[in-house]
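Should a chain be cited, it is by its letter among A, B, C and D, assigned in written order, with residues numbered from 1 in that chain.
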Amino acid sequence: MVNDGSTSGAGGANGSKEIGDEYNGNKSKLNRRRFIQAAGVGAAATGLAGCLGGGPGGSSEGIPSEVTLGVLAPAPENNPIGAAIANSAELAAQKINNSGDVLGDADNVSVSIKNTEESPSTGRQRYRELTLDEGAHMTTGVFTSEVLLQLMDPIAQQKTVHMTTGAASPKASNQVNENYDKYKYHFRSGPINGYHLGQNMVDFLEAKGDDLGWESVAILVENYEWTNPVQQAIEDHIGDLDVEVAMEERYASGTQNFGPIYDSVEDSGADAAFVAMAHTGTPAIVQWAQDQRPFEFGGIHVLSQLPAYYGMTNGACRFTVTQNTATPQSDLTDKTLPYVEDYNSAYDSFPVYTGYITYDAIMQWANVATELGTVNSDEVVTGLEESSFTGTAGSLDYYGKDHEFAHDIKYNFSTDSSPEEGVNPVFQQWQETDGSGTQEVLHPSYVSSADYQAPPWV
Amino acid sequence: MSADTTAEEAATATVDDEISPDDGILAVDGLRKEFGGLVAVDDLSFAVQEQEILGFIGPNGAGKSTTFNCVTGTYPPTAGTVWYKGEEVTGTPPHEMVKRGMARTFQSFAPLEDRSVLKNVALSMMNDNLVTMDGLLGEFHEEARAICERVGLGDRLHQTPAELPHAGMLRLELGRALGTDPDLLLVDEPFAGLSGPEVESVSDLLLELRDEGMTLVVVDHNMRGLLQLIDRAIVINFGSLLAEGSPDEITNNPEVQEAYLGGGLE
Amino acid sequence: MATLSVALTIIVQAAMISALYALIAIGFTLIFGVGGVLNLAHGATITMGAFSAYYAGQLGLGIPGAILASVAIPALFAGLLYLGMVKRLEEEPIMVMITTLVVSVVIEQAIVVFEGTTNRSLPQLIEGQFSIAGATFQNLLGVMFVVSWIIIGLLFLFVNYTKTGKGILAVSMSHKGASLVGIKSSRINLITWIIAGAFAGIAGLFLGSWLTASFAMGQAQLVLSFSIVVVGGIGSIRGSVIGAYLIGFLEIATTNLVSSSLQGLAPLVVLVVVLLVKPEGLFGREFAE
Amino acid sequence: MTDNSKSRLRLLLGQLNPLGLPLRQKIGVFGLAFLIALPLLVSLPVVGQFVVMILPASSWELGLYNVAAALFFAMFAMSWDAVSGYTGEISFGHGLFFAVGGYTSAMLNMGHGLSPWVSVLGGVLLAAVAGVMIGVPALRVEGPYLSLVTLVAPLILLQLFIFMSDIFGGEQGLSNPENLVGLGFVSNYFLALGLFVAVFALLWALTRSNTGSILTAIREDEDAVSAAGLSKAKFKIFAFVLSGAIGGLAGAVYVHTPVGSPTPSELMSVIVNVEVIIAAVLGGMGTIVGAAVGGLFVAMLPDYLNLVEFTVPVIGKSISEMSFFLFAIVTLFLLNIFPGGVLRWGIALGRRATGRDGGKEGMAADGGQSPEDTGTNPVAQTMERYQEYYDNMFGGDDE
């Protein structure tokens, strides 16, 4: 019933089997972990004295011979978003191990992947396993904002650099800004934070409004932490445009039936649903397409960013527009396509946005550590703050500690030229060519591949 | 003929004379209980004197159990008033009645199967306190043991109710009722299924209790076996009072005889 | 005019959704009525129906394959669940509740492990829309409405006009009585579980193809079944259908007229009110009449 | 009077003398002593390494955190057992109380700036009120219908949380409130352990006192309780209030530690509600000890599974990835083998091994019956109770 064939039907596109194999090859770790913890026992006495266990912050100079990268991913064995995080981390570690320069003093760079199950409590638990049990030198990943926010205190407790590569809530960066010494170990390598996501949506609408022809929109955002700032930014900026907001709804988390919501959109007469959806995206898009609702659909639809999404929804995502960090064809920097190729040859699938970002984050961290000659978190924090690193998704530069979005990646909107600093996300539309779907880029112009197509039933 | 009129007089006298709160330790006036459209008890009035043993008699389905249930608070009566020790107690819930000193035994025995005879009796001796350290050390057990011995279960303290013979169950019922330290004890069908010597020993126990100051109401569907025990009897039929008087008066009452299809009482 | 069309939309939508609700609840009430046990794996059986169709689609078996899988696999599962675990616990309803609850956790977690928590879209059973007086509705929901009533009708015929069906009725009226007249209640129970499983599977197929499928989709359906059964009265097929329509209409009316974020609240509120005010249900037990 | 209370005290203390205890209680005392000494043990050389090996984590820090989290879960399970195991009214939604306690305390702390020490009391109070709100309907509806009410209550609360997610944070919950004793591994461990011991002692004493005897009598036969002059309503509501308050206390303190946070998935999800029942049923209903042991087991088993680095060949999934799934399967398996609870089975086994029969002259209903006495253990009684209810419902003999 649940055989390999059917599993790979859904998961094969993102290479779940390969990850499984990776795990097999990599996990004779039990003994090593026991060894580390035996060393840690000595610290228990200090722990008893009330001192909290520190991460690598306390450890000595130099690059250790064994570097561990801790990765937190949601269900990496079957969630494409988690799989991209896990795969890209493995890929980055491989790349580092193969190169003589980056972390050249380390004999081996290994990756430990933990499943957050998108649950704050599990995420916290797994984070502690990475830092306390396995002594990770840095951690990365985290898709859900709720998980990230529950991690801020443990990160402060462990004093280990954490580079977020999926969660967008600016609450994290606000915490860094407000209590820098405590929370400075947190960086967001991407995506741009929630407020910027919303701003990005409005910027796109402004730039491409003529092509889209959306004179009135119904703002639909799912009620999760990450959409709060998105919605805020849309409200702050959409007034500057010549676009009418016909309706605005923050619908319940876990919504399964979009019938009533779409009825109201129709009643409002909006040209398009302007959305921010991640967790509830599939039922929303399938019901929109099946019902042939008479309005267009675009904004941030996280699942539409998956290269395999067309197959997963039997084409229901056709004609939807979404923001994305990068697509497999978008030649954002000279590192983008080589990474996509490496990824594809290793995992027989294409990465999701979290993959580009995770790869970039690890490479940036490794480069900074190599430059500094240490993995000491305090020093790496300073190094990252000063670093400007060209990754696969753009240039990784972070806002300073006095910025309200401290340690978030910089956002720079541009229609026609790649920004010097920071990233400029793409907007894509699912279009069909020869019976299969492709993510055609509409914006920015220097990577765009197609023009917008309105759904025929509208 | 004359007996007939006496009974009639007795009956009408009771109906006419309003029962007042102080007519006895237990006084019931105009009790009525309907289930749906069915009248189970119809305008029944009677009083129980202190320290008497009253027989409460009627054929099966006459409304004895319903009357009992209304008096002890199991059902709220449809109409009528119940006084106990001069206070109105109509509709007071069962556990309150027990606390006021009215205990009963069940015809369908309802012991707690999960614990020993001793602990069954001990339960009825417990206070109504929510939080208590009592019982942690088993201090009730001495008194409970005494009651068990009294009702003739001294050698079966640690058996479970399931292990008891029929008579033992009855004794346990009595023990549980006595554990609440009642002033009035309602005993439901005490002699059903008992052998001659057992009837005698239970009767002795009940007489002994009366001598110590307890009031007893014994419910049964006939008077056989009760004659030696009771001081007075009330007979009901179809939910209303049929006759009231001494055992002799009752046995000679033609209406009663008729109700029992000739001689059922003998 | 506007009010009229809103009312029409609500009525048609509610009628179609209630038909699905009836399908969801009947299996649950049958098991409750006949076996006297609450099958808390009912929601998970619905989920199983949806995922059976999903897998059939992934294997390229097409629509007929998906339909067949969504009926056969849950029916088989329910039969095995009865024979393997429930049968020997029949005298212990509380253990049946706990065991079936754990079974449902196992099923949900299996889906989480193999498919993850994201929704899956099923093969589309039927495309297109139809309209009544200017309001448009999905063909799928229309088909769902028709199929639901055909199934209810067949069940009615089965229960009243076949020997086995009469046996089900007899057992649900009185367990003791049925055994006195020589009806083997374990066979009747098994048949009931299989029928309930098949119904749940069909419900899962429609639900999944309408709203997409996810591992936790059955939880709300279990609560819904509970509510409908409590409203309609234990073990009553007719009561379940009426209960389903009552709750369906209430839900559509609240989500359409008040707020769409109230989805799922209507059955809960109805349930609690009925339980507290009229615990025997609004319609009592059909079988007892 | 004083003499009497002195001798009582001596008797009580005599009972606490570990040497005079039955074997099973000796094991319990030893286990408790081990838990108390745990933070010290892990800091010893050699011994420490061995002790960390048996912890549900591979470092002592996380080990202590995980055990602390398990202690909180054991408190949840004990609070369930106090009402469901003793009165026989199965609660399928005990998370309601944990959530009311946890959310109230978190919101008082974060929204109104109350010290967590004070806000916890607020949580307990409101959870007790929730206990009344479930307890009063419990007088009207019983058996499966009450289970239904309890099943639905947290779902309604969750709907409310989702509907008013500005206040309650919706499905994802609230952020972490202030911690009671900071982030320390040892301090939080002792906070959890101290509360665990206190809750255990309270419930143990209460259930072994007359109160426990009355509650089990309610489970067995409510009429018998009334006939004994005891108000079943009062005791039933008391059981719900007590259970609610203790569940609320555990939930409230839990969110003020680094191991817990006020989210539905941790406090009131279907899974939490099921896990609590599983813990108590596996450990043995109506014993408190069973819920405590079962709670620790249920909470730590996934942690242990998580440590196993093994990938199942055919399906290509790692054990740690499937830990909860495997837990559910193990539970199903155990439920089928030991329907009366593993602890009970263990006690019976222990008695047979030590050649004792447990003594019918036991001090109080200490839940020491062996599973062979069918119909007299809490599970069987509860079943009987439900069966009676069904019989009434399905036209069994009415009189």
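Note that a contact is a pair of C-beta atoms (placed from the backbone, for glycine too) under 8 Å apart; a residue touches a chain by one contact, two chains touch by 3 or more.
Going by UniProt, the chains are A = Twin-arginine translocation signal domain-containing protein; B = ABC transporter ATP-binding protein; C = Branched-chain amino acid ABC transporter permease.
Because the structure is a prediction, the values reported are computed rather than measured.
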Could you name the chain whose CA centroid falls nearest to the centroid of all protein CA atoms?
D
Provide the C-alpha centroid distance between chain A and chain B, rounded to the nearest whole angstrom.
79
From the mean C-alpha coordinate of chain C to that of chain D, what's the distance rounded to whole Å?
33
Cα-centroid distance, chain B relative to chain C, in whole angstrom:
52
From the C-alpha centre of chain B to that of chain D, how far is it in Å?
43
Residues of chain D that touch two or more other chains: which are they?
162-163, 315, 317, 321
Residues of chain A that touch two or more other chains: which are they?
2, 7, 75, 77, 223, 252
Out of chain C, which residues touch more than one other chain, so two or more?
110, 112-114, 261
Pairs of chains, among all present, that meet the touch criterion
A-C, A-D, B-D, C-D
Complex contact set, residues of chain C against chain A:
9, 13, 52, 55, 58-59, 73, 110, 112-121, 123-124, 127, 129, 138, 140, 210-212, 214, 217, 220, 252, 255-256, 260-261, 263
Where on chain D does chain C make contact in their complex?
90, 92, 137, 140-141, 144-145, 147-149, 151-152, 155-156, 159, 162-163, 270-271, 274, 277-278, 281, 315, 317, 321-322, 324-325, 328-329, 331-332, 335-336, 339, 379-380, 382-383, 386-387, 390, 393-396
For the complex, give me every residue of chain A touching chain D.
2, 4, 7, 16-17, 20-21, 23-24, 27-30, 33-34, 36-38, 40-41, 44-45, 47-48, 50, 52-53, 75, 77, 115, 119-121, 124-125, 128-129, 132-134, 146, 149-150, 153-154, 157, 223-225, 252-254
As the complex stands, chain A meets chain C at residues 1-2, 5-7, 9-11, 74-75, 77-79, 117-118, 223, 249, 251-252, 255-257, 259-261, 263-264, 282-283, 286-287, 290-292, 303, 312-314, 316
Report the residues of chain D in contact with chain B in the complex, numbered from low to high.
8, 11-12, 15, 205-206, 208-214, 216-217, 220-221, 223-235, 238, 360-361, 363-365, 369, 375-377, 381
